[in-house]
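In the part that follows, the structures are each spelled out as structure tokens.
The following pair of complexes shares a single chain, chain A, combined with chain B in the former and chain C in the latter.
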Partner chain A sequence: MPRPSVSIDRVFHALGDPTRRAIVERLSRGEVSVSKLHAPLNITLAAVVQHLQVLERSGLIHTTKVGRVRTCRIEPKGLTVVERWINDRRALWEKRLDRLGDLLLEDDDQV
Partner chain B sequence: MNHRSVTHATYTIERSYPARPERVFRAFSDPARKRRWYAEGERKVIGEFTMDFRVGGRDRLVFATPQGFECISESIYQDIRPDSRIVFAYTMAVNGQCISSSQGTFEFLPAPDGTTLLFTEQAAFFEGSDGPEMRKAGWTELLSELDNALD
Partner chain C sequence: MPRPSVSIDRVFHALGDPTRRAIVERLSRGEVSVSKLHAPLNITLAAVVQHLQVLERSGLIHTTKVGRVRTCRIEPKGLTVVERWINDRRALWEKRLDRLGDLLLEDDDQV
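On to the complex of A and B.
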């Protein structure tokens, strides 16, 4: 049985910040170096690096350093773990509440 | 599978029904009605469905999925406010392994055209709850429901 590779709490925490969401959005369009990522963000490079560390610890992104250039990319496993936990259970209750709606329609004159 | 893990998650589902809160509530308090939406349609063989609708009372649902997984859901009612709120704690076990322990809250809110129903689940998911077998069971279920809807 595979263990979850990502902590859901860390993922939610990581995505709770608008700058980090902007970074994830940018990376979802393709990998990019830290310096290019930094340019449009309007915050210090040190702050960018801190955000990247939070994102990397959450499992949402992955960075690699070649020479003096650190490149960032999306780690797709991060989002799917969040979706899995909630969506599977949610689907069960969604279907139940659909059936409740059907029941209430046909049951109309009995209460 | 010696690894132990727990993951907490909370979500809310909101639905609107064209029926007064008393009628919606009755679909939770009356065993024959609750069986229809809660237990049946689980496209599976229902082994057992019992309920005892009072604070401290228990519900128990046992069913087998088409893939042959035995699922047991056991609930205990924590709070019941007629026509307005039901809170319960429940566990889900698959093939003898407890995969989650949750608190569920139903809120029945009067709306101009009926009832807004809010369901919030605060869950602790344990190791094994996201295994490939569970995923497959979930998807097979969804696809067969879709088939039924298209018939």
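On to the complex of A and C.
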């Protein structure tokens, strides 16, 4: 069994929440200030800030503060970790299906 | 903001746990009985069964019982949901980077 990775736990946990996914979706379209991000969400600003902290700790977003304005942007690292994990599983799984297909073809040859 | 989907919440939540990911990794290499799945994991059989229930409810695995043996196999639906979500985000994000690249090229032309 593979050694569990802390960061991938965090990324999957972060993306398990619909508000946090909505934030990532918004940031995929471009960087935005915390107050603009907050406007369409039906939650308090404090809740938005908490979600942003979870997303930033998991490597999914990056925030910077200039003066009184904090700006958020997507950080590719987090999504890449999930993408790689899924691709690796699919590769194993498809390899197995290929082998099954080969076995079925061999069976056909023997009929 | 997009309408949150229940099933994608479940899939991300299910994959946020290292033991559940280890089970999905094992099943990517082929179907296996619950007792064989249990052997290399340092947890009780009851805990394995609970993890399997979470994975099955989220559409990541499928189990069938024949006699006294329950066999587990990967179910592509769950992984496809995550894959599609990641790909959609990446597509938006890369489109934006392309537009930024175009703007930079236009600026170069004007120099």
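Operating definition for what follows: the second predicted complex is superposed on the first by the 93 of 111 C-alpha atoms of A that agree within 3 Å, B and C clash if a C-alpha of one lies under 4 Å from a C-alpha of the other, contacts with A are read in each partner's own complex, and residues count from 1 in each chain.
Keep in mind that, in the parts below, a contact is a pair of C-beta atoms (placed from the backbone, for glycine too) under 8 Å apart; a residue touches a chain by one contact, two chains touch by 3 or more.
It should be emphasised that the depicted structure is a prediction, and the values quoted were computed from it without experimental measurement.
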What is the contact status of A:Ile74 with respect to chain B (first) and chain C (second): first, second, both, or neither? second
Quick one: classify A:Glu25 as touching chain B (first), chain C (second), both or neither. second
Touch test for A:Arg89: chain B only (first), chain C only (second), both, or neither? both
Report for A:Leu103: first if it touches chain B alone, second if chain C alone, otherwise both or neither. first
Under the stated touch criterion, which partner chain does A:Lys65 make contact with: chain B (first), chain C (second), both, or neither? neither
Touching both chain B and chain C, residues of chain A: 1-2, 4, 8-9, 85-86, 89-90, 93, 96
What does chain A use to touch chain B in their complex? 1-4, 7-9, 81, 84-86, 88-91, 93-97, 99-105, 107-108, 111
Using the touch definition from the top, list the residues of chain C that touch chain A in their complex. 1-2, 4-5, 8-9, 12-13, 15-19, 21-22, 24-26, 28-30, 40-41, 74, 76, 79, 82-83, 85-86, 89-90, 92-93, 96
Show which residues of chain B lie in contact with chain A when the two form their complex. 1, 3, 5, 7-9, 11, 13, 15, 17-19, 22-24, 26-27, 33, 36-38, 40-41, 100, 102, 117, 119, 121, 123, 125, 127-132, 134-135, 138, 141-142, 145
